[in-house]
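Below are structures written as structure tokens.
Each of the two complexes below includes chain A, the first together with chain B, the second together with chain C.
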Partner chain A sequence: MSQHIQMTVNDQQVGPVEVPEGLKMIEFLHEYLNLTGTKFGCGAGVCHACTVIVEGKNGVSEVVRTCISGVERFVDKKVRTVEGHAKRNAAGEITELTPVQMAFLEHFSFQCGWCTSGFINETTALMERLAQAPVAAADVEQVIEEALKEHICRCTGYVKYYQGVKDLILNTKGLTY
Partner chain B sequence: MNSFSSSRRTFIKRCVISGIAVYSAPLLWKMGNSQAGGLSEALTAQFKGNNKLKFRMDGIAKVTGEKIYGRDYRAMDMPGWPDQQGYAYILRLDDAGHVYQGFDLNMLPQQARPGQVITAKELARDGVSLPPFFGSDMLLPEGKTAHYLGHAVAILLFDNFAAFKQAKNLLQFNKKVIRYGEKTAFVSESRDPYTSWRIIREEGESGPSGEDKYSPLQDGIFFPNYKAHRPQWPEVMDQQGSVSERGMYYAGRINEDITGGNENWQVLEREYRTQIIDPMMMEPEAFNGWFDEKEGTFHTVITSQSPQDYQEQAVHMLKHGPLAGKVKNLVVHSPFIGGGFGAKDHSIFPYYGLVAAMYAGKPMRLANDRFEQFQAGLKRHPFTMKNRLAVDKKTLKIKALTADMTVDGGGRVNFTGSVTMVGATALQSIYYIPRNDIKATAYASRNPDSGSMRGYGTLQSMATMESMMNEMAGDLKVDAIDLRRANVMESGQRNTQGAIPNGALRYREMLDMAQQHPMWLERAAKKAAFEAANPGKKYGVGFGITTKDYGTGAASPSAAVRLSKSGKIEVDICFMEMGTGTQSSQAVVVKDKLGVIADKVTVAEVDAWQAMQQIQTHNPYFINQQQQDEMEKNPRWTPVIGMASAASMSSYYQTHATKAAAEIIFRHGIWPAAVAIWSEKYFNGTMAPNNLNDAGAARWVDGKLTTQGYPPLSIEVLAKRVHDMGLVTGAMVHAFNRWAWSEATYDILGQEVNLEVDGLALQYGDGANDRLKAAMNSKGYHLLDRTSVNYPETALNNAMVTYYAPCAAMVEIAVNEGNGEVEILNSHTWLEAGKVIVEELVEGQIQGGLAMGVGHALYEEIPSFEDGAGNGTWNLNRYKVPKADQVGVWRQQHTILPPLSDTDPSKGIGEVVMISIVPALVEAVYQAISVRFYDLPMTAQKIKGAIS
Partner chain C sequence: MKATSLSRHTGFSRRLKAALLSLAVFGGTSVAQAAQDQAALIAQGKYLAEIGDCVACHTPQGGRELSGGLPFETPFGIVYSTNITSDKETGIGHYSYQDFYRAMHEGISPNGNLYPAMPYTSYHLLTDADTRALYAYFMNTKPVSQQNKESEIGFPFNIRMGLKAWNLMNHEDSVFTPDPTKSDSWNRGSYLVNVLGHCGECHTPRNAIFAMEPEAHFQGTVLDTFEASNITPEELNRQNWTHEDLKQLFTKGYSRKGTVFGGMYPVVYHSYSHLTEQDMRAVTSYLLDNEADIEALPLAFNGHDKSAPGYNTYMGYCAGCHGQDGEGRPNVAPALAGNATLDRASVYNAVSLLLNGIVSQHYNSTTSFYAMPAYADKFDDQQLTDLVNYMRITWTSQKADIGVSEVKDIRTNMKQSVH
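Let's look at the complex of A and B:
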């Protein structure tokens, strides 16, 4: 059994592509699109390393774990993976990073980096939510915990990720009051 | 010589092993440095900041999802490979108590059938076997019983992903696939122990620093015989006898005294158990390989901490099997790894991938999913330790320590021997022990094999010593830190092996700081207040301090530093980037000598060192002094050529080599060039001596070199002059450390210099004379012969370990009486890291180490045997690694002790940072609920049970 699917990934139209039944989205990204920035960690939806962003119609993004989600869930959706955040020049070279990417870099948030794409997508979605619904500055730590608490990092113990996100939120106009 | 021009697609020949030329492409052509193919140069150059590391060199690639890990690569990514990627799947056994009788693939529909199936029959037919390090039965033959749960029986090769995916869905977890026969004994029950160690020491009349009456360093080491698969230690006890007889004499005395009921002694006897831990590195192991028959070249992509070892072993495997005689070249790509924690060091995994690709005839990928990684990946050894500690009730001094450790090595031997030894040496923690008898034996079992996972045995043993000190303090009714202060090892005192730890021991300083911390001073008052304010919660504070050895006693780092004519600095190192920041820190290391951060650092280099043409002949641990004396006459000889990468090794060992290479360029390139410029432009150089004779008086200020008030010179200006004058522009070194660095004498441009390296090759600038230019004929380097060498004596092998880095942790917790959950309210870590290279990277190690220690103490656990990881059903839904809200993410504090001076070495701290929190948590739980745990982890369920 197979099916044909299509979607938009990082602003590129994909498909229709014939894929086997039961194909997970992360397998589609890796084996069919050769986008390996989304990382396989557990395959059971626990570690959240495989998180990607699905753009919402109302401007509010959704984060989805691709290791437990079938590819059919993403049909006709707009998907953003870690490869789709930074700006590139005509030669395809990355020339400018997003504030979330810079925050994690400058805070030395990660070591091995396997969990980084998941943290970037989750934090990016959080930033977009806060832009629409700011929170009190005093609540930022709690907001970050709620957003990131399921993401597993095995190297740096979370502290520098959380500090990076906190500094970024507090220093980004319009996200807190 | 400007090596910046070399093509990234050029594989560099490393050496020839058994007739096969080995090449490596350490990080694939795309990611060999920070100037990655997909990143703009202007962006990547930002990592250097204003000559202060702004972010990790590998950082941009990691936040943008670039292909940098071995698992990322498919055939289509590999130039020259066919696009069609094949996929391999390994069938494994989940029963080690019945005869294996074959497997059944009939449930697979036609389109999901494997194109090929490799079993023990094919391997036997073709003479393919594992490297000896891993033992036998790579694939178990029919009719035999699995050595361990998870033993592989077949490798299935699929032509495409769809077939592989469908087949795996049907085969994994399917109990009908494997056929078992009659019940048998476990294979492990018929095997002798993997290893046995005994560390006996009795202090001599001259005290802690004087000559011992008996110790391994002074007297040597002896081993038991095995009878009925158990160690039988010598029975003869003779104070005047052989090494073993004398050892047994002193061991007997120690044990007699500790059991003798001395009323002045407080004796604590306890049994401790640690659990099987999975390293849970985020990237499961993966492999990709293809044999290019036309070219006779076998290409492989691995995820390994020890690519050097893989290269050698893979070559030997390729000598047999379907490609015997066909493989002329082996290319090994070893990209970044997504965490390793020791479990990707000497892993058996890539050899299964190698066999798959060997038979496939097409690109073949083998990649564990998490279930498979749990089932087949290396684990942390579980220890059972029966410890006895005797303390003088009046003086609070430790009088004696004994231990009997049993270690489970799993079904295949890996680094069990050395892990067991290091675990035994670590028991003493930070304390001076005047008399000790520490036994440790490792056994085979049907568990998955354990290896060199982070801690290397010390986490298991040292945490128990700390728990004993905490409990002993309670028994003696003294402050737990006061008891430690009474016993802390001072600089110059001997360890349990009789060796003197190198350098200053700053344990007392750390204890003083901890004892003055408000968390400690106010713990009684806070407990009362907290529990009054939080009914149903119990409060506790715990403390632990440990000191972890780093090094192997046969460390052999290599480094090359090159200065281009435009002032760019390029560094090659032998260490792998495991995430700890080795690449970035080594870029910073050269700044001390060359004024600026390096522009490029190539990690995991294995080829370039061939320029030094070194040879290795003996096992460095077993070579005797006579052999060493004979071999060292050959200037090409070194005790060990290469080394694996480990988290606690790069900052000390790799830094030594990198610094040595940078220093040579400074002394024999930059300094004479600077003197020439200063003399020429800013001094009446022809009329008087310039008095610029002391290179040690030179200072780098804001990236420019000055001395004695002379105008600062930039690296660009200096580099041009170095090249124009034909001075040293590149230095490649190899060093060897057996608890001291070897030293050798060389002639560099007419100067006799003594260096702490045993291999040296140089490059010179354009202005060099024809003789020097002609001499650069060893892969572009001028290979220098040492004129003398001084290696550390082989007897130092008996020291076992002498380099230590200490860490202390204090933790404040609340225990929920209702569900047994532990909440970390606050924590403080103290770390003595020597000279810190990059503070942010050290902080990351502290915080990450604490999280992993929290996992070991509270959450992570795999049962042994049939219910354990070897059954193939384990994943993160059952194996609980700590999350942010379980480590007190917002309330972690730390103190990094300032170095004694800027000449302090940078210490290896990658492992010690995770140990102290374990006994601190054990004690904090005790202080909270008055129940002391001896088995780890202290899960919420166990705590709840203990409370009720």
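Let's look at the complex of A and C:
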């Protein structure tokens, strides 16, 4: 059995496209859209490497694990993957990275990069939340821990990721008070 | 003469030596035997304390075992569990056996009446031998110096004299009376479940003054976030629980019929997973009111109705872990066919689990479950109703007869805390 689905991915309208029932979102990204930046890790929703952003109600985004979510969850939704963050020119070449991506580069946050797309999406969503609801500077470490604690990294031991996010939040206007 | 005297002397000396030797041997044996008996008594008490699940309530989050301080929200205010380590200053190390007996059987500690959050209303049926074993164990636990917290019970319930009146109305110390029409194993199960396991404290509804209603024994009741299930033999047999299903549930936290969650996780982790093989069979025989093996009937997957509201929600949000056809995934999510949480008249727990999720559960090095996400801010009442109805008709014999207002009421009334 198959079904027709449509959604918006990285500001591009996708579909209606025929897909089989039971198709996971990560398979859709990889096999139908050739967006392979979102990584398949544990396949059980534990490692959070496959996290993408879905635009939610009232401008509040939510993060969703694509390895345990069917495509039905994303129908008519706006989805952002790691490929959708950096600015590109008309030829599709990257011209400017986002502050989150730059922070991770500057802090040497990752090595193999398997978990990086998940960290970037989770951190981007966190930054957007903080822009709407700033937190006390003293609470930043706790806020980061709460947001990123489920993301598993097997290379750098988290410190460089967390440090990068902390510096970014504290040096971005309007996120803390 | 000399020889005779010597002979007498030698004879006396030998007899004296023999007497002293035998005294030493028997005395030594007696001391060694006493130590052995005491060690056996302590070990027995430890097992009983595990089945009584004392550690679950008397250990604070991240704190020292049995040192107390875990808060319990009651309709009358917050009660904190107390330090029951063998510490003589802050624990119960100074209790005499009589003190301990009164606390366990009458709900009266040397400091006054205990709130019935302490299940003396179940423990009072403990045999004297078991109470002595428990006492031996608790007097030999590792002492932890930690002051007890004052309960935050509002007026007039903070007046402990009121507890005396409550006890007069609702509690009478008595002895466990085996049912002569049942087997020893069934009666042992009844003792373990009703007395030590104090299952009725959660699974039996309470009246307006917080006393268990004996006529509604084990019929289930809403606690806070979750509903303690109906665990009467009628309901368990209707759901086709077998001895093996219950054994799996009580030892690994999951079974053919689903997983435990909420307050049952510590019960399994700390308590029932320690039951001996014989006691486990006694418990399941009592709960099922059947000692014979029970045939496990095929679990129902009634097929998908793709036009039904709720189908797309299931496929988009649930199928990733619970399987496209509800087959579940080991160590991740339970199967849905015949799932006991779905296959029941009450929809409370199904809705509650979807709203609040389930925290990760760890049992041993090979068995653990990752958390189920909470969907309180993802689904509106209509989506929730459609999803729950869809799961009921797809994997159980229940009808899709849950209305939006019922789901709305559950969401409104329940606390949004994650368990």
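In this section, the second predicted complex is superposed on the first by the 176 of 177 C-alpha atoms of A that agree within 3 Å, B and C clash if a C-alpha of one lies under 4 Å from a C-alpha of the other, contacts with A are read in each partner's own complex, and residues count from 1 in each chain.
Rule of thumb we're sticking to: contacts are C-beta pairs under 8 Å (C-beta built on N, C-alpha and C of every residue); 3 or more make two chains touch, one makes a residue touch a chain.
Since we're looking at a predicted model, the values are computed, not measured.
When both complexes are overlaid on chain A, the residue A:G22 reaches chain B and chain C alike. Touch criterion met: A:Y162 reaches chain B, while chain C stays clear of it. Applying the stated contact rule after C-alpha superposition, one finds that A:V75 touches chain C and leaves chain B untouched. Legend: residue contacts after superposition of the two complexes on their common chain; A:T116 is shown touching chain B, with no touch to chain C. With both structures placed on the common chain, the touch criterion links A:T36 to chain B but leaves chain C unconnected. When both complexes are overlaid on chain A, the residue A:H4 reaches neither chain B nor chain C. In the superposed model, more residues of chain A are touched by B than by the other of chain B and chain C. Of the two partner chains placed by superposition, chain B and chain C are both touched by A:A44. Residues common to the contacts of chain A with chain B and with chain C across the two structures: 22, 44, 46.
Residue ranges of chain A in contact with chain C, taken from their complex: 1, 21-22, 24, 44-46, 62, 65, 67-75. Partner chain A is touched in their complex by these residues of chain C: 306, 312-313, 315-317, 319-321, 324, 329, 332, 370, 378.
Here chain B touches chain A in the complex through residues 38-40, 42-43, 54-56, 58-60, 62-69, 71-74, 76-77, 85, 161-162, 165-166, 169, 280-284, 336-341, 369-371, 578-581, 840-841, 843-844, 846-852, 875-877, 881, 883-885, 887, 889-890, 892, going by the rule given at the top. Of all residues in chain A, those touching chain B in their complex are 2, 20, 22-23, 27, 30-31, 34-44, 46-47, 49, 81-83, 85-86, 89, 92-97, 101, 104-108, 110-117, 120, 141, 145, 148-162.
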